[in-house]
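Take a look at the structures listed below.
Common to both upcoming complexes is chain A, partnered first by chain B, then by chain C.
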Partner chain A sequence: MKFKNIRFWASLALVVILTCSFVMAGKAITIKGSDTLLMLGQRWAELYMQKNPGVVIQVTGGGSGVGIAALINGSTDICQASRSMKDSEKKKLRERYFNMGTEIPVAKDGVTIYVNEKNPVDELTLDQIRDIYTGKTTNWSQLGGSDAKIIVYGRENSSGTYVFFRESAMKNADYTSSMQSLPGTAAVVNAVAKDKFGIGYGGAAYAKGVKEVAIKTAKGSFRPTAETVKSGQYPLARDLYWYLRGKPSGEIKKMVAWVLSPEGQEVVKKVGYFTVK
Partner chain B sequence: MSLKKRRFKYLGESLIEGNIKITATFAIVVVFLIFLFIMRESLPIFFNSEVQQEITFGQFFNGIAWQPVSDNPRFSLWPIILGSLKVTLIALFLAVPVAISAALYSSEFAGRRLKEFIKPAVELLAGIPSVVLGFFALIVMASFLKNIFGWEIRLNAVNAGIALGFAVIPSIYSLAEDAINAVPRSFREAALGLGASPWQTALKVVLPAALPGVSAAVLFGMGRAVGETMVVLMAAGNAPLFSFNPLNSTRTMTATIAAELGEVVFGSGHYHALFFIGLVLFLVTFAINMTSWVLFDGLMSKLYGAKK
Partner chain C sequence: MSKVKVMIFSLAVMMACQTAFAQRSRTAKPDTAVINLQQRMEALTSQVNSLGQELSSAKDQLNKQEQTPVQVVEEKVSAAHDKLAGMEERMLTAESDIGGLKKLKVSGYIQTRFEYVNHDKIDSAANSVDTKADSSWFYVRRGRIKFVYTPSATSQYCIYPDFSKNTVTLKEAWITLSEPWTAMKFNLTMGQMNWPFGVEIERSSSVREVPERSTMSGALFKGERDRGVKLNFTPVKNLGVDLGVYNGYGVDNSTFTWFDPTKPKDVVGRVRYDFGLVALSGSWYEGREKFSSSKDSADHYKGRMGGALEFYHQFLPVGGTGLLAEVVKGESREKEVMGLYVMGIQNIGDKLGLAFRVDSYDPNISSDTTTFNTTAAALEYDQTSNISLAVNYWWDAAVRLTLAVDRTLYHTNMTLAQNPDSQYKTYQDDKITAQMQIKF
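And then the complex of A and B:
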């Protein structure tokens, strides 16, 4: 009986605290979307709040698709996306708010192929990557590695990175059904770091404890660096976006300007992505 | 007791009774409304011609590929049904012996002190959020098991099944313990009186008498395991493979809904397909829980006569 009482009071207290925090945060700017951009968004928010006391910013992940849906539903102010909006999504936005929204590229990224640090394979062509992810190539020995099965990791299909990778690396072919889809790039990196024969993909900023594979093209072999991503030599380079429902105004306009300023772009470099300009 | 006081007591009781009735009715109505909502969202697969261009009912059982985000989307339910089944069975394989022997021990053999310790301890286990279990299975347990057994694939059905087993042990334990406790004292006394040892009494008299209740507990645990989401989403590798091999990655119905509902375009075929999975899950868990309830009720009337 006593135990039940405690539980009751604890849950009541929790409800009160939650309600209060929502009321207090009434004028918060909400940022939601891509898990690839989550780290960067949080860093920006922290710094911006430090410099502008009184502004409250909430950053959450969930995936680009989740962020875009939230933008359309009006439950977030800024959507972070690691892919550009699909036509069907743009159409929905237009139907609801009678404008096209605003697309702001805020950073650049090279989608990186990770393998385990012990893996001798150091470079792959786009064709080889596609064959791995479609399930045509299943053994590392076919790629100059040891004789072992390739364990393929990827993201779930709510991820912008999943869609980007399918479009640009796989020419829209289907992923092999034995690909293990993990929640978040951090989980993919963790899996590859622990799995000697694993391969995964994700944002360049996450490549810690794993080996980045160079991608071999007709012009040479490239790793995702500031130079190759900006020049477009790295074949899996992409823009990372902020989407707004309308034209930026008020505090959001100020924040966008700051994010694109040299100071904001310095954060991009620190986190591990590449600047827009 | 004066008449006034008695009347007051009566009023209080009827208030409480009314309150309980309203709460119970409300709960039933809510469950029913949820069912209606899931029904409504999955019906377009049968009736809406626009949706049917993308997906039809037949597609759910045709082929073995779940590949909804594709130029040529395929929506076969077989791999994810098999996945749910596989993980559930592994979880029960682990949880049932542990939970039932724990229940038997704590109600038949443990002293009062130990009993008072075991029960809250197991209930504490029930309090571990499943996301924590999933996280543990994803980061720690997967590598640990892989290193010991040399599995090719780290995140597989066994890995998820073990973590899921921990999540369902408390539910099975507490229901099974209730069932065993419900066996009347006279049964035990009669057995002991005939010269049976405590072990013989427990295994050959008490456990068989409580069997309907114990099977109800197992079914209840099964319902929990089928419906559990977070652990399987994180620890099973989430590859929609149609494979009976427990050492392959697998994807369950719940994990499919959880991973994909965030992205789907509202009103698309994929969206309605996810709700159809929800409907299947709802019906399955409902049937399992109903059976479990009927069994438990049967136990009670078996032990205490037709009416309680």
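And then the complex of A and C:
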């Protein structure tokens, strides 16, 4: 060995030991990501902290894309996502942490089409929905409503719901440039509740003060209910996920088990989503 | 006189006096009463007119008041609508601009280094003596910024310069077309890009756990990039296929800086199957090369075949574990060449990672000598081996600190004049690298 100075090796060992101790130090559990899951995540966190004094959980939104990026760069422990991780995101996670991450479906949802309560339109087909969101259909009279321009509301592209809706309802077509992108599902619901000619989409749990439009398929007309979502009859049914960097361990493992337990899943129903089992 | 008479008389006198007084009054001030009455009448008329005017005024005001709120509200609504329309127009313009910006992704990284080297190897064939020159230096190893523009799902453009070591060089510039019709996801890329061979070549140095690539990759795929065209597709899920046609000289060739003197182009292919925790890949490369720019210089066959293993796992509660291994065997300058490396990575928590790599490259596996290249100015060693140990610490989401130790062994065949004691000798370089990297 040519390195004669033992101080170098001592310094290296010290750096490793100090860093290890820093890494192993305890910290609060952070949950970040989907705005669709924000309400549910907050409710879970509140109840879990009540039942487990001493555990601190911080829940923030920002969108599924933001949450996944935070999971990859290490700034959150749990990512809430309303869509599956993309291959490119999984690749980044594997490059950094040498595992595939862990995907846990924690709830089910039916992406709901909202219109104003005064709007006479009660059901739409997926083709009609796609035509509205691509800008092909621009007037409610083309859909059996009044002669008025359709005001289209949607989510920002960091949202998992934005991605899911484009893939599932729009067959990957581009959104119309006249769509007003809003920063959260609550904002979309609020806009549609005030706008007589508005239309929006978002999680089933947010559909308050607006009318849910049924989606008409060859097998019938379906609204997002526990039955239609679980059976897959509702065409815009989806899983809502928690993503972890690796296998769950420690307090996170306990929390995941509780979230999937009957007690945790009861919260899912109370918030307005559907249980995974 | 009786009382009645007295009373009648008194009454008569009083009436007479009253009449006389009234007559006197009429006679004395006949105009005052009229004037008073006229004045009072005029005053009353004036008051009536005044009241009439006030009433009229009040009516007018009432009418105005009845009309004003409607007009004001209408005006305000109209003004607000105009403002809103203006804001909406500006918002749509801004959204359109931002939408355009979102299509442009800018990323990059900077690596700054301090290196300390115990130098022991022979510098050149012409001056083949031991020149032990220990040295150390600071430098910018990489300063890169990558611009990728994705206007739609069917095309993508990239330009990727490097600003390190006092020069600006183009690392990549390519255009990719993606077909939207099939599930096989065909992507056609043309320009300057990585060779699609093995694992290490395409693995960005921004994520690599040890400071430099293996000796094998440096010798057989110098610069890791070339000019050509590549077709990538996914025939079945988890199976990736790459087929490429390239000049074959790479971006760091000093003789053929951008062109290919051989008429046939080099071809490269790779198949990779991802099982999840394990991924296997096989690569193949075939082409021809010249070593001189003169026209009569002969073509030489150049070929490589390689296999790679990637293994990923997580040992709880420590952290993720990775194992990368790759072997390449080929032919170059009419000699068989071979190289390999094995690298193990162990994360400790989310912040700390350890990496250990052993690699080796032999430019002529059929002989212990390198006589084929004795006329070259730079001496080629019979075999070069490398051992690297690195500690990585992620300071935050963007910054990674690396401390690495490398030991490089050069095995070479000496003439007796150069080394009377032994014909075969191993030289040893040791290097410490302290690196800061920021990635965005």
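Definition applied: the second predicted complex is superposed on the first by the 251 of 277 C-alpha atoms of A that agree within 3 Å, B and C clash if a C-alpha of one lies under 4 Å from a C-alpha of the other, contacts with A are read in each partner's own complex, and residues count from 1 in each chain.
In this text, a contact is a pair of C-beta atoms (placed from the backbone, for glycine too) under 8 Å apart; a residue touches a chain by one contact, two chains touch by 3 or more.
Keep in mind it's a predicted model, so treat the numbers as computed, not measured.
Novice: Is A:157 contacted by the first partner chain B, the second partner chain C, both or neither?
Specialist: The answer is both, since A:157 touches chain B and chain C.
Novice: Tell me which partner A:195 touches in the superposition: chain B (first), chain C (second), both or neither.
Specialist: A:195: touches chain B, not chain C.
Novice: Could you tell me if A:246 is touching chain B, chain C, both of them or neither one (first, second, both, neither)?
Specialist: Second partner only, chain C.
Novice: Could you say whether A:172 touches chain B, chain C, both of them, or neither, answering first, second, both or neither?
Specialist: Once the two structures are laid over each other on A, A:172 reaches both partners.
Novice: Looking at A:225 after the superposition, I want to know if it touches chain B, chain C, both of them or none. Which is it: first, second, both, neither?
Specialist: Once the two structures are laid over each other on A, A:225 reaches no partner at all.
Novice: Thinking of the overlay built on chain A, is A:134 touched by chain B (first), by chain C (second), by both, or by neither?
Specialist: neither
Novice: Is A:62 touching the first partner chain B, the second partner chain C, both, or neither of them?
Specialist: Touch partner of A:62: chain B, not chain C.
Novice: Which partner chains sit in contact with A:181 here, chain B, chain C, both or neither? Use first/second/both/neither.
Specialist: Touch partners of A:181: chain B and chain C.
Novice: Taking the stated contact definition, name every residue in chain A that is touched by chain B in one complex and by chain C in the other, in rising order.
Specialist: 157, 172, 174, 177-178, 181
Novice: For a test of understanding, state which residues of chain A touch chain C in their complex under the given definition.
Specialist: Listed in rising order, the residues are 2-3, 8, 12, 15-16, 19-20, 22-24, 73-75, 94-100, 157, 172, 174, 177-178, 181, 245-247, 249-250.
Novice: Considering the complex alone, what residue numbers of chain C touch chain A?
Specialist: 92, 95-96, 99, 102, 118, 152-153, 203, 207, 276-277, 312-314, 316-317, 319-322, 345, 347-352, 391, 393-394, 397-398, 403, 405, 428, 430, 432
Novice: Which residues of chain B touch chain A once you look at their complex with the stated criterion?
Specialist: Touching chain A from chain B are residues 65-72, 79, 138-139, 142-143, 146, 152-155, 233-234, 237-242, 248-249, 259-260, 262-266.
Novice: In their shared complex, at which residues does chain A touch chain B?
Specialist: 62-63, 65-66, 69, 88-89, 149, 151, 156-158, 162-163, 166, 172, 174-175, 177-183, 187, 190-191, 194-195
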